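See the structures that follow.
In what follows, chain A forms one complex with chain B and a second complex with chain C.
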Partner chain A sequence: MAFINQKNKEVQVKIVYYGPGRGGKTTNLEYVYKKFNHRIKTEMVTIKTQGDRTLFFDFLPFNIGKIKGYDVKIQLYTVPGQVKYNATRALVLRGVDGIVFVADAMTVRKEKNILSLNNLYENLEFYKKDIKQIPLVMQYNKMDLAEQGIPLLSFENLEQMLNSDIKAPAFKASALKGINVVQTMKKIIYMTFISLQKELE
Partner chain B sequence: MTYTLGKNQLDSIENVLKKDLIDLGVQCVFLIDMAGNIIADLHQAEIIHDIYSLAALAAGNFGAVNAMAKIIGENEFSLLFHKGKNENIHFSKVSQDFLLITIFGNHISLGFLRLKVNEVIEKVKNTIEPS
Partner chain C sequence: MIQKKDSSVSSEVKERLEKLFSEDDGADDDNLFQEDMENPVDSEIRELKAVVLSIDWEINDEIMSGLMKQIDALKKIYQQDQVLILFLQLLGTVGKYIQQKKAKAHPDSIKLLNSAYQSFEKAVTKKQLSEADRKNLLKTEVNRYKELKNQISSQRKAPIILTHETGEYQREQEKNRSESSNFQISPELTFVMEEIKKIIQAEFKILREELRS
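Our next item is the complex of A and B:
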């Protein structure tokens, strides 16, 4: 639910990083926070469990400058990935404008990715949103683990498994090393803006 | 879903928040939507809070408490209040999509604040969602 403030010429947009637990959603935000530290005036908000897992959400507000004369404020959120936290996941999705699905490329996490994507589909349906209509970017994370000999699903395999129907833009990434983290974010911001364009004219 | 509020609507909301709350000594008041976006924020000159984080947490908190309400058979808890040593925070639902948050010190009584907040909500509701 993007909000356009005609008085201050400001747009606020909500982007949510979704995906299975331990997939790298928080690591994506941490990398963005570190990388753009000079432009982010506030602290990143995280609500974690004692075991350092996301309990409610992470939140990072991010000012990206002006587009079409509007000051653009992006609000990046993550959801808790663990299956048992679906109630909080659904809460964070309220009013979402764009989604990054962070899939875990490790072969052992194959089922978890599918379950999480199905869960996203159901939670969006609750808000009467269609997974094929909402701006969405796929990110296949942990690709750097190949160097350590950990079995990974191939890009083609992941595409076929998760993206054959949605056909969203997809990136191979390593959130930990910062590979394609910024590109993923730029892509989702761009796509979200295209979808808002009519309202800004 | 995207929504837009024009300059006149936002001016009118800010006037109400200023006259009915800030001028009475409320430290900080902000109107947010349930997605965590900030529609209006006003505060006393010396107060600086990270309002974007506050708004995100407030929307999440309100949503979580409403989910608790449903579990115990209530439709919602339409107002929340957290008491601190020096500052207190009060959340009140304006409509399905909007929430009014006030931060105030101990020199304002909760009863008085609630009375004023109720008046403000009626005025704000008429501006955002004219009948």
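Our next item is the complex of A and C:
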């Protein structure tokens, strides 16, 4: 549930990018930060291990201005994708309003995607949230690797494997090249606000 | 064209987002992806490339033995080509080191595996390369390998000051502290540090519970 301060007329929305390790969650945020920093004027905080993996989480806060008289702050988070950091992932999910599931389209990562989605399901359940009810956008990342001859799962295959039950909006993407990164983010923010509409009107 | 002003939250959000994050065309980029490869390469090489890329994401026994298998398969194919055999031996040596050290492998070893693979791919696929060019590619990678070997052996001799995973972060923090006594922590960083504190406490709590049970 978003933090709504009626007195100060302020809304804080928490969006979490979830998915398997090395799937491109951090790259999504980095793209947004690099491309729009001149407009959103913020700092991205990221803590990585020696091997360049996210240790705790990445954090990109920005203000989108006033909506219905409320000052709206968006907080984008990523979670560490590696299996061993589940306590961190669960904690980052606390108070989440919207989720982007960044799946890795590489064929060799098929199982990792499923494991990560199941893990999201379980961690949401802990907070008594239903994966089918919470605003969620699927992003099938690394689609650009087809150009290099890397075996990829098709969009249809990914949809069938990960999204047949949830039926969330889905994007083919390349976080590295910035393809559909912004569309994904806009979509999740938009969907999250739709779910908050009652509270704000 | 003047659009009718919609007062709903959704239209306000849409408007805001468009203003802040408008890109050149704003359209979905679905058509930018190629479904099929333009320049299909030999399937064995493609397989090796996929394995090498996987190592960049995750190192486990299955992936590493896949790499070794793939290298052996290619050695049989290219047994008459001395340069390619040497490339494959180099890939095998680096692969074995990574297999042995796993996550503790020197980060440059994975970079070397990637660059050695790329040079190998060039040596196989670029038919216009002369024998001297191919040898030069190999020489560059062998030199990188030697450099890495030296780095690893000097690392073993150097005293280990920070071994924790967050060493880099801590070093950065130390550097910041010593560089400027007027160092100001931004509110975002303060917030994140608080969150991290909570996370560390929670991780320890879980660990303690696991140890107790």
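Convention: the second predicted complex is superposed on the first by the 200 of 201 C-alpha atoms of A that agree within 3 Å, B and C clash if a C-alpha of one lies under 4 Å from a C-alpha of the other, contacts with A are read in each partner's own complex, and residues count from 1 in each chain.
Methods note: a residue touches a chain if its C-beta (ideal position, glycine included) is under 8 Å from a C-beta of that chain, and two chains touch if they have at least 3 such contacts.
Since this is a predicted model, take the numbers as computed values, not measurements.
Chain B and chain C, once both complexes are superposed via chain A, clash. Of the two partner chains placed by superposition, only chain B is touched by A:12; chain C is not.
When the shared chain is aligned, chain B comes close enough to touch A:95, but chain C does not. Shared-chain residue A:73: touches chain B; no touch with chain C.
In the superposed model, A:45 lies in contact with both chain B and chain C.
Put chain B and chain C next to each other and count what each touches on chain A; the higher total goes to C. By the touch criterion stated above, A:161 is placed in contact with neither chain B nor chain C. Applying the stated contact rule after C-alpha superposition, one finds that A:114 touches neither chain B nor chain C. Residue contacts after overlaying the shared chain place A:3 against chain B, while chain C stays out of touching range. Legend: residue contacts after superposition of the two complexes on their common chain; A:56 is shown touching both chain B and chain C. Among the listed stretches 57-65, 75-83 or 93-101 of chain B, only 57-65 clashes with chain C once the two complexes are superposed. Comparing the two complexes, residues 42-43, 45, 56-57, 59, 61, 87-88, 91-92, 196 of chain A contact chain B in one case and chain C in the other. Residues of chain C touching chain A in their complex: 8-10, 12-14, 16-17, 20-21, 23, 28-30, 32-41, 46, 49-51, 53-54, 56-58, 103, 107, 110, 165-169, 186, 188-189, 191-192, 195-196, 198-199, 202-203, 206.
Put simply, chain A touches chain B in their complex at residues 1-8, 12, 14, 42-43, 45, 56-57, 59, 61, 73, 75, 77, 87-88, 91-92, 94-97, 196, 199. Contacts from chain B toward chain A in the complex involve residues 1-7, 10-11, 33-39, 50, 52-53, 56-57, 59-60, 63-64, 67, 97. Of all the residues in chain A, the ones that touch chain C in their complex are 21-22, 32, 35-36, 39-40, 42-43, 45, 47-52, 55-57, 59, 61, 64-65, 67-68, 72, 87-88, 91-92, 104, 106-109, 112, 143-151, 154, 171-174, 179-180, 182-183, 185-186, 189-190, 193-194, 196-197, 200-201.
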